[in-house]
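Next, two complexes with chain A in common: one pairs it with chain B, the other with chain C.
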Partner chain A sequence: MKRSGRGPWPYLFLTPAMVLFTLFLAVPIGYTVYLATRRTKVSGLGLGKGARREVFVGFDNFAAALADTELWRGWLRVLGYGALVLVVMLGLALLFALLLDSARVRLARFSRIAIFLPYAVPGVAATLLWGFLYLPSLSPIRDVLDVDFLGATTVTYSMANVAVWGGVGFNMLVLYTTLRAIPRDLYEAARLDGASELQIALRVKIPILAPAIVLTTVFSIIATIQVFTEPTTLRPLTNTISSTWSPLMKVYRDAFVTGDLYSAAATSIVIAAISLVLSFGFLRVVRHHAFREG
Partner chain B sequence: MRANRLGAALAVALTATLASCGSGEPAQSPEAATGRPASSAAQGPVKLTYWTWAPNMDKIVKVWNEAHPDIQVTVSKQAGGDDAAAKFLTAAKAGNPPDLVQAEYQHLPSFIAADAVADLKAETAAIKGEFSEGLWRLVTLGTDAVYGVPQDSGPMMLFYRKDLFDKYGIAVPKTWQEYGDAARAVRKKDPKVYLGTFSSKDPGAFTGLAQQAGAQWWSISGDSWKVAIADEPTRKVADYWGALVKEGAIDDMPYFTPEWNKALNDGKLLTWPSAVWAPGVLSSNAPKAKGKWAVAPLPQWNAGESYSGFWGGSSTAVSAKTPNKAAAARFATWLNTDPAAIDLLVKEAAIYPAATKAQSALGQAPDYFSNQPDFWQQAAAVSAGARGFTFGPNVGVTYNAFKDGFDKALQNGTPFADAVQGMQDATVADMRKSGFTIAS
Partner chain C sequence: MAATVSHRRSRAGSGRLIGRPVGAVPTALLLIGAIYCLFPVVWVLIAATKSPGELFSTATLSFGTGFLDNVAELFAYRDGVFWLWAGNTLLYAGGGALLSTAVSAVSGYALAKYRFRGRDAIFNLLIGGILVPAVVLAIPQYLLFSKIGLADSYWAVLLPQILHPYSIYLARIYAAAAIPDSLLEAGRIDGAGEWRLMSRVAMPLMVPGMVTIFLFQFVAIWNNFLLPFIMLGDDGKFPLTVGLYTLLAAGANQPALYNLILTGAFLSIVPLIALFLTMQRYWRTDLSSGAVK
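The block that comes next holds the complex of A and B.
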């Protein structure tokens, strides 16, 4: 490619992306930051015209969000839930990908689709589906197994189960696609050296898969931090999930249930900052191993 | 290099998806954009949009539109409940609210506090007498202003399975004391069946029960609010239900869940202290039990009394930002006081009208209650003894504190009175934070 004399073309091609980016990402983020520094101030009864005005409060909302114990308890709950989901979901995804890729598997096509299919079910539908399976008087599982799926501790596992069920397929597909791209002669070479299928998987496939594993992990970390659909959909069915179970649920509650857009904006910025730190922190830790570069 | 370009392509794709997600979300339905300039009223009909979730409202509005070519109303069907209130407040803040909105009584004060609804004092002076004083207070908050026209009301009654009451040999409880005894008796007769359940998801129901006991959660005195959610009547109601749940005499499953539907259908729940609109819910959620339910007044705290409370009920409010306030007020007045309109509201939207005259004119019982021909007479009698209170400006906070507090109480077996105190504390803290003047 010629590097000089490109003229205005690159910018022209960039314009649509930049316009969309500005309109739908930069401006809303800017507005959120603006809202986060404000608050309504009411005087007297707060009824009628002019009784309520918006004032600048600086970092008050952020300070309140950071000092909110309920928010941190939410983080703890999500951390436990996330650890569970990440390990089980990615573990299963890797296992399935390796199994499907191994030479001896039967019904590969069918299994692949069967594992992937739950990913195509929208989160709300999947959660409702599982919700019905969890409810004591409706669940066919409860007929055989006497477990309260919606109890105070079990409910976390029940939600993690929904997330794993829906997420394994997608992650498996990412890993599986990467596996299929590995040149077959690598395995042949390994076999000539006397490696078993298991050894090939552990010593050849997984190291080559490392970047893809990192990618799926980052995606999954971000997704679990933002967990909202599962607890929100299950909440009407049980009294073990509070309106502030996860940090995002608290944002939703503040903004739309208790009508405090301002602290919701501040909290969502705090959440964004934490997810950035977590995902980039993870990348930093593993980059060296996964990509063999600085 | 390649990776970078890929990244850029991904970013474009992502933004495009985000953009398309974004455009589907906001309330900028084509109807919302039509409630335009007042100055152009001379040039064509005034166009109004109306957010409501009452069933078949479009049919009722059609009647108005045919009779009033100069004021054309478009119905935009909403989901209802707390979500609808949140959506209206958001739209009002964003500057594109509808001209008219269905406002539940408990949410009206938040609308007023957000300066989202107009004062209709002048426009409604003539119709004040059509409504009972209690209902009128709900749209004035006891102030001089009028913020909506009452549409329907939800006096609470006791719905019960007549066939199963006979089967288990239980008399219809006249007092809450008797209700508790009956609950225990049912458990003894059949351990799979409960007389009732306490729902930690329905603050509206609890509010109504507290009103029946004489609670006054909010009131206005002079220029300050008084908040007394943990008052004596409310604590009495909370302790009563808490004790019944704790000893296992009644269940703790929430209302309006698939499980609750099943229990109603299977005859595993024998009563539902609910509001006059319950037949609609029962007929869709428990179709199998049609004709088996009957209605009685709520059990009383003291024998011989005849009090009730309200669960739900709403008014028609006019948006503060509408350029066509007069036209909107005319429609709201017609809808809720014109005999023909009320007749349609009852038949098509299945509401219990707020207008006093209309309440006594109701004839045939709801289909689901065809076994109880005096259904509406019962309702009118109960309605006369129903008492409400002024709702505060942050009911959303209070109701959310109810759900979280009672969820926790049911889960941990802690006293219900603590949850009530939690509601009081959360409400007061939120009002203080906003700067409301609170009398202590």
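The block that comes next holds the complex of A and C.
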């Protein structure tokens, strides 16, 4: 770390990032907020010049978004789906990371690479692969298990499976990397005290992993709330997914199908706000819990 | 990463493994996880080799005879539009990741190695971008690009993906660990300018960390669906993800097209899996040790 006195250099080095930040983050956010508070007003028959004007409407669009029952149904669907994905994906990621770290498994390298592999498969391709695996005419799973994977209730589980499959490896790698950075002596001390591998995992490793688990959970919450690719890609294969299945799909439809940019902007701000509230709420709960324990 | 891990493990493990048998249950659980993760990939590899007739008639895990025909048919599909999608994806992911890595590395270096007014504010501002959901950005980005007539252009997909807050964060951590202050100080005493120090001293030392950042960005852009889906209308500019989606949307009700779709899906994941397997040691989520061994 150097004292100041290098003149404008650090600022020059940061200029590209700040320009990109302004153009592709700050300005779009500002524009969304602007659009969300406006609406087209039609006067008279809506014909002729000046008959359609854009006016400021304050929080009307937000009120409309909050009163939209279809959007609420979308939230409920995503809440169920998201809870399932978070618990199963992060649970499996933690389990696999701990198993890999326990130094008592064979073929650990093969397993680690195999479990991380779906990370290299785009969401569209992953959904497509699983979508075909769910199809009765093609599915080898259907030969063994007689379940309609694309039914009205099962489709949520089927979609959650795609997200779990695609995400478990990356989260496992984050947790595993953190585990590898812990000095091994710590475990030796616990072993000398007679702790079993399971006790070491529960009492030593998981508490050390806590910050990494919190981080992966927050990132997963943000990603899950915006679910779009999986339901959109699965739609051509089943009629159980509506065009407004998730809130983000509703935003897309409002913006590009119905052409109501103002509603789309307001709804996207609501989605962002909810994901921020959930992320920070989760952080608060975790911190509160940690303080009480400590 | 793999090298570091296996190295450490063999050193630390040799003394410890005696008297502590390999656990059958942990091994089995991990193998079940591995099979679950490999299954769809293996399935599509086999399905892509089947001719339209074989796809519905032969056993799931037996290879077919139609792979080359499928590939030929896919490349003939709409005058070879699949090639175009593959080329576009390479352009978006390669160009975007390259620019993104350069911007992140220089920013990370400045944030790690200089103390200046506003440093923490700039860092917090940039990192805050991680929390902004893509949904708030994609639609206004589209509208703003349309205003300047650049929606539905290569720029519309390339430019918004250059700034990546998490990469800047990683680059800062890596620069702090990999570039010794003494080296910069020595360079200054020798009369080197700040630009020269950055380009000749700092950047070469950051190369291993930059490879990691490049790989993660490359995969992120390669896999992105929402942004190109919103930005692009002309299917000649589509990346593979959006192309595959349109292929599926067009062919979902026509089982005769399933071979084409499955072969397309298979070919679109091969490059990434190859990249992934050959660059094993750079896939790491923690750059604080300062060196990729």
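Keep this in mind: the second predicted complex is superposed on the first by the 260 of 294 C-alpha atoms of A that agree within 3 Å, B and C clash if a C-alpha of one lies under 4 Å from a C-alpha of the other, contacts with A are read in each partner's own complex, and residues count from 1 in each chain.
Assume a contact is a pair of C-beta atoms (placed from the backbone, for glycine too) under 8 Å apart; a residue touches a chain by one contact, two chains touch by 3 or more.
Everything numeric here is computed off the predicted structure, so don't read it as measured data.
Asker: Taking the superposition as given, does A:114 touch the first partner, chain B, the second, chain C, both, or neither?
Answerer: The answer is second: A:114 touches chain C but not chain B.
Asker: In the superposed arrangement, which partner chain does A:51 touch: chain B (first), chain C (second), both, or neither?
Answerer: So A:51 only meets chain B here.
Asker: Does chain B (first) or chain C (second) touch A:40, or do both, or does neither?
Answerer: First partner only, chain B.
Asker: Give one of first, second, both or neither to describe whether A:99 is in contact with chain B, with chain C, with both, or with none.
Answerer: In the superposition, A:99 contacts chain C only.
Asker: Classify the contacts of A:25 with the two partner chains as first (chain B alone), second (chain C alone), both, or neither.
Answerer: Once the two structures are laid over each other on A, A:25 reaches both partners.
Asker: Go through the superposed model and pick first if A:133 touches only chain B, second if only chain C, both, or neither.
Answerer: A:133 sits against chain C, while chain B stays out of touch.
Asker: Is the number of chain A residues in contact higher for chain B or for chain C?
Answerer: So, of the two partners, C touches more residues of chain A.
Asker: Under the stated touch criterion, which partner chain does A:237 make contact with: chain B (first), chain C (second), both, or neither?
Answerer: After superposition on chain A, A:237 lies in contact with both partners, chain B and chain C.
Asker: Just chain B (first), just chain C (second), both, or neither: which does A:80 touch?
Answerer: Neither: A:80 stays clear of chain B and chain C.
Asker: Would you check which partner chain A:281 touches, where first means chain B only, second means chain C only, and both and neither mean what they say?
Answerer: In the superposition, A:281 touches no partner, neither chain B nor chain C.
Asker: Name the residues of chain A shared by its contacts with chain B and its contacts with chain C.
Answerer: In the superposed arrangement, which is not itself an observed complex, chain A uses residues 16-17, 20-21, 23-25, 131-132, 137-138, 236-237, 256, 261 for both chain B and chain C.
Asker: Given the complex with chain A, which residues does chain C contribute to the contact?
Answerer: Residue positions touching the partner: 1-2, 4-6, 8-9, 12-13, 16-17, 20-23, 26-27, 29-31, 33-38, 40-41, 43-44, 47, 55-56, 60-61, 103-104, 106-107, 109-117, 119, 122, 125-126, 129, 131-137, 139-141, 143-144, 159-160, 162-163, 168, 181, 184, 194-195, 198, 219, 222-223, 225-226, 229-230, 240-242, 244-245, 248-249, 252-253, 255, 258, 261-262, 265, 268-269, 272-273, 275-277, 280, 283-286, 288-289.
Asker: Applying the document's contact rule, which stretches of chain B touch chain A when the two form their complex?
Answerer: 8, 11-12, 15-16, 18-19, 22, 82-83, 86, 89-90, 93, 109-110, 112-115, 119, 141, 143, 145, 200-201, 220, 223-225, 252, 254, 256-259, 262-263, 268, 393-394, 396-397, 399-400, 403-404, 406-408, 410-411, 430, 434-437
Asker: Flag every residue of chain A that touches chain C in the complex, lowest number first.
Answerer: Spelled out, the residues of chain A in touch with chain C are 1-4, 6-7, 9-11, 13-14, 16-18, 20-21, 23-25, 27-29, 31-32, 35, 92, 95-96, 99-100, 102-111, 113-126, 128-133, 137-138, 140, 143, 165, 168-169, 173-174, 177-178, 180-181, 184, 197, 222, 225-226, 228-229, 232-233, 236-237, 248, 251-252, 255-256, 261, 264-265, 268-269, 271-272, 275-276, 279.
Asker: Quick check: in the complex, which residue numbers of chain A touch chain B?
Answerer: 16-17, 20-21, 23-25, 40-52, 131-132, 135-138, 152, 236-237, 239-244, 253, 256-261
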